[in-house]
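A, B, C and D label the chains in the order they appear, each numbered from 1.
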Amino acid sequence: MISFESDYNNGAHPKVLQHLVETNGEQTLSYGFDVYCDSAKEKIKAACDDPDAEIFFLAGGTQTNATVIDSILHTYEGVVSVETGHINTHEAGAIEFTEHKVISIKEKDGKMDAQTLDDYLYNFLHDGNASHSVYPGMVYITFPTEYGTLYSARELDEIFQVCRRYNLPLYVDGARLGYGLMADGNDITLPYLASHCDVFYIGGTKIGALCGEAIVFTHNNAHEHFFNIQKQHGALMAKGRLLGVQFDALFTDNLYFDISRHAIEMAMRMKRIFQAKGFRFFIDSPTNQQFVILSNETVKQLCKKDIVFTHWGPFDKQNMICRFVTSWATKAEELDYLEKNL
Amino acid sequence: MISFESDYNNGAHPKVLQHLVETNGEQTLSYGFDVYCDSAKEKIKAACDDPDAEIFFLAGGTQTNATVIDSILHTYEGVVSVETGHINTHEAGAIEFTEHKVISIKEKDGKMDAQTLDDYLYNFLHDGNASHSVYPGMVYITFPTEYGTLYSARELDEIFQVCRRYNLPLYVDGARLGYGLMADGNDITLPYLASHCDVFYIGGTKIGALCGEAIVFTHNNAHEHFFNIQKQHGALMAKGRLLGVQFDALFTDNLYFDISRHAIEMAMRMKRIFQAKGFRFFIDSPTNQQFVILSNETVKQLCKKDIVFTHWGPFDKQNMICRFVTSWATKAEELDYLEKNL
Amino acid sequence: MISFESDYNNGAHPKVLQHLVETNGEQTLSYGFDVYCDSAKEKIKAACDDPDAEIFFLAGGTQTNATVIDSILHTYEGVVSVETGHINTHEAGAIEFTEHKVISIKEKDGKMDAQTLDDYLYNFLHDGNASHSVYPGMVYITFPTEYGTLYSARELDEIFQVCRRYNLPLYVDGARLGYGLMADGNDITLPYLASHCDVFYIGGTKIGALCGEAIVFTHNNAHEHFFNIQKQHGALMAKGRLLGVQFDALFTDNLYFDISRHAIEMAMRMKRIFQAKGFRFFIDSPTNQQFVILSNETVKQLCKKDIVFTHWGPFDKQNMICRFVTSWATKAEELDYLEKNL
Amino acid sequence: MISFESDYNNGAHPKVLQHLVETNGEQTLSYGFDVYCDSAKEKIKAACDDPDAEIFFLAGGTQTNATVIDSILHTYEGVVSVETGHINTHEAGAIEFTEHKVISIKEKDGKMDAQTLDDYLYNFLHDGNASHSVYPGMVYITFPTEYGTLYSARELDEIFQVCRRYNLPLYVDGARLGYGLMADGNDITLPYLASHCDVFYIGGTKIGALCGEAIVFTHNNAHEHFFNIQKQHGALMAKGRLLGVQFDALFTDNLYFDISRHAIEMAMRMKRIFQAKGFRFFIDSPTNQQFVILSNETVKQLCKKDIVFTHWGPFDKQNMICRFVTSWATKAEELDYLEKNL
């Protein structure tokens, strides 16, 4: 099997695993009060150039989204997201499970448009029925998006300004953050992100860790009882060190960024392979998720060669949209094999 | 004040009130186990020609929707509704409050289209990510819709057949049911409705009662513990007789239908008044809610004359969409006054 | 049937009903923005001697408890109640339905003891595992209690002082408030109550109304979005006037207090009837609920005479605890009949 | 620091870690569909002698309890637990967060008594107010309990028979299961457990794993959509292999049982150390948690020696209840150090 199915088909990056091995024998405090969590937090604050950041480590993306959003919203409020946002599509109702509505607005290339957001908020406030509706309590975007696309620094700023104007926290889901930050043409840095939203998370599960996401509240604005809310959500690890040690390794010697860059280079080479063979793309993605249009025939042929990828959905009767994903672990030989069999 | 703002600006129909007065001195059992609830249930079953119906009385529409939907859905399921469905817009998140997602699909004139529903369900089942999504567990429509429009008997049947094919209960929100049943051109009867959905409710609050909605599970299919779920939702009245007595009156001597018909006649006369004066309509509604396009100037003028209606939203810079509602209580003189001041 | 089963087996007090009749023809605004709600609020504020009070009308007790408690608690908090508190026993989990725990502590004669509360709170704060526990976010008591007993002014003050010290809002469930206020020996007045808790409700359903409870936030401390939370809970009446008109009548010419006093006088006469015949009481209640120990033989005999009461539970093999309730509607002849048949 | 504070202060058992290292480079399917999850499931089924078992791996105890319980209960039901049950005390309201009540009954030495359970269930069914109460929908016990105590095979069977009679699923929380199974005098085996409850979990986090609990539904009785419910709870790991690999190692060559036995031997030696020095115990525990009564003076003295343990709570003014925990990782030298410094 050669898998381009997702960025979580491999174990941990060797350096992450090594840090787990070398610290395994030590006794540490539980629930995230260990020295490795402390060390990782300091390194992340430095990388974000954000000494006021408050950082929490959780095991996975869905639990991170549900816990962060539930910690911010009041009971009568919902979270605004584009229709294609992960929380609105593929989290099995984890947000509604916390009793909050995902208020969906139109997307463009998987992205939220500042004007569309502004229009929605303006109309909400000027609607005579507002008091019978769910109040928007925060805004959620993903970087990169579910379609691999990216906001420019200017686009992010525009959204952030709308949020500021309406006094709504902005939350950025960074499940694949590194793959966005290291993409060609991207002009958003970690410090820029930290100063242009209220909370975001740095995805580890898809970028080098066995599991783990690092939530960054950017200005001492975590809920006073975030720890309790974490526990209530079943999102508090007894051996919190498992997460701390991994992020400690990821944020040592630029590892997180270097391995993210590797995935981008592999993705761009993959893109060229498809282009060279005349394939069209469903969307132009600069990151590690590539959406290619393949004939049903080609799909069958690749499956026979034991090449695994996601059958995203039908394009038309003869063709299918297929998702090919690279990661920190993708090898050049895997792309050679793909190229040979296309 | 002459109000066309809603169909709940008046008290009870005199015959409903009279029944409350004449039964007031009697002692009855509580929680809906009284003789008047029993009597009303029998009359409703007869009107529906549905001896297998199970009937419950609740005080208001939002609590009815939340209680019915929560009693049907499993924890991992959501309810399918058009975007403009009441549960998706103006119930303040009451469905999400029960931890269930409202899965919204496109509407046409406020209505659900059987083909659109079928497409959504087909795609859901053929989506590789289905197991990460909220499962559709039931379908919700309103009759009349939020825009006053109606399904034909054929359209309802088509939706019902799709639901049957996918094994999903169909729930019809009848907050204004009488106004739909008695509309010109409507070809759906109460027995037809009862045999073409799994559960619906007969709105009382907007049609002659002080409060009260009658839920009809059409084939002995109420949740075995619906009573408990009602109590858990805070939707169980200690003096259940208040609801039973009112529906007992409404379903005596055709009252519910007669007073609904009155509202329709008033609405049609109102429609002709607007048409005669050359006003356009935002949507063509055969029921008691009329959506008229008025210039901002006209809006101001009517307000000065103490005529109350709903400012639905802007049509364009110079014009506004306005909702005018008639009810069982609308008087001919009120329409005269409107006509004179247009 | 002669019913002593509950205080909600009758309709409305005639004066309450009369006010509904005489206002029925008027057009009013919906959702509680009508003149009768306004008038009732002013009268209640005056009766409480509390110009800073904020008042909301809801239809029933369980929905009132769930809405008030959910509006006060943060997501990680619970409400402290004695084990026998109504929210902990007979509301079908309506509080847990809002995702909050009822934290139960020991009761004495159905009452909370200030010292027991203090001990619980002290221990909670000094427990090393507190951050893994549900935080106490407010305190709930009932007046009268589920056993008909009453707090003295001093006992209430002691509990209130503990709440103040721990910065916890105190909520008093007054489903039968009038029957407590008008009991012999009671030294709590409405103004005293209003100045010794943060929120309470004045029960109408059990005292003269068809339905309705008046929530009193005592110092402008209602949640800013209480209206939305009400709607979200399905606890907002479209025709809010139904509640306003009734409370307007109840708080005119001392009606609420006079009819409450009547129930007490009937209860005390009933008590004497049982005492004269040598029956024992399960608990000494000064209010309208009396808990008598009857032999199984006597129970059968009374049932044969069509006298209805609540079989509360077994006392021992030969005897049963039975609850007899009077209300504003209890007639002297009904007690005569009971006396004759004992 | 020498820590007896908890059984999750160490990393993974070396053999568990080694298996993670040796499988790290392989590509596997995500979400638990990998070969290591499959292998671990087969080994666990064999160890339970239960070919009909359905097994799921989750990351931690609280999320396991919340997900299992929510998958079993209907909306109007609660879970019965003793007052000291973990779900009732130290899970921050994670069960109530799923909208279900924890119905608490009296404990004895941290255990549930079959007769007490039977009495509660009998009384519930014979209570006239049952329909206004939360229905018992399942029974929860822990093995070992929060106080380290154990049910005998007969006691477990008695509870199971009560559950069978009332048609309630029995769920056994085995966060420390191995430490119970390997205790001196224990007569419950894994196959016995699997045939005397409906679902249980095998704790990994506290016994050799970095994280992970293995849920065993004992007779093909997992919820058909357990996978979705897991996702909805944020309890589905993208790299499910992390859990599968670890349990694969734990259930190879008797590792889980051997390392559990080690902890017991260390605990028994610790017990003798305390006994030899004349200390009293708060409760007689045969497992890895020991509750000793220490004078406040002794507590201070041990802290000075950098010996860490849990200050459970005050015993009286001069003495404290202290919890000392051993684990698979406890070393003889650590006990030597404790002995020397007592």
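Everything below uses one rule, namely that a contact is a pair of C-beta atoms (placed from the backbone, for glycine too) under 8 Å apart; a residue touches a chain by one contact, two chains touch by 3 or more.
These numbers were taken from a predicted model, which means no experiment stands behind them.
Under the touch definition stated at the top, chain A and chain B share these contacting partners: C, D.
Set against the Cα centre of chain D, the chain with the most distant centre is B. Between the Cα centres of chain A and chain C there is a gap of 50 Å.
We define each chain's centre as the mean of its Cα atoms; on that basis chain A and chain D are separated by 33 Å. Contact of a single residue of chain C with at least two other chains is seen at positions 76, 91-93, 97, 99, 131-132, 228, 231-232. Residues 76, 78, 89-93, 96-102, 104, 123, 127-129, 131-134, 310-313 of chain C are the ones that touch chain D when the two sit in their complex.
Looking at the complex, you find that chain A touches chain D at residues 1-3, 5-6, 8-12, 14, 17, 20-21, 23-30, 59-67, 91-94, 97, 205-206, 210-211, 228, 231-239, 241-242, 329.
The part of chain D that touches chain B in the complex is made up of residues 70-71, 74-76, 99, 131-132, 135, 225, 227-229, 231-232.
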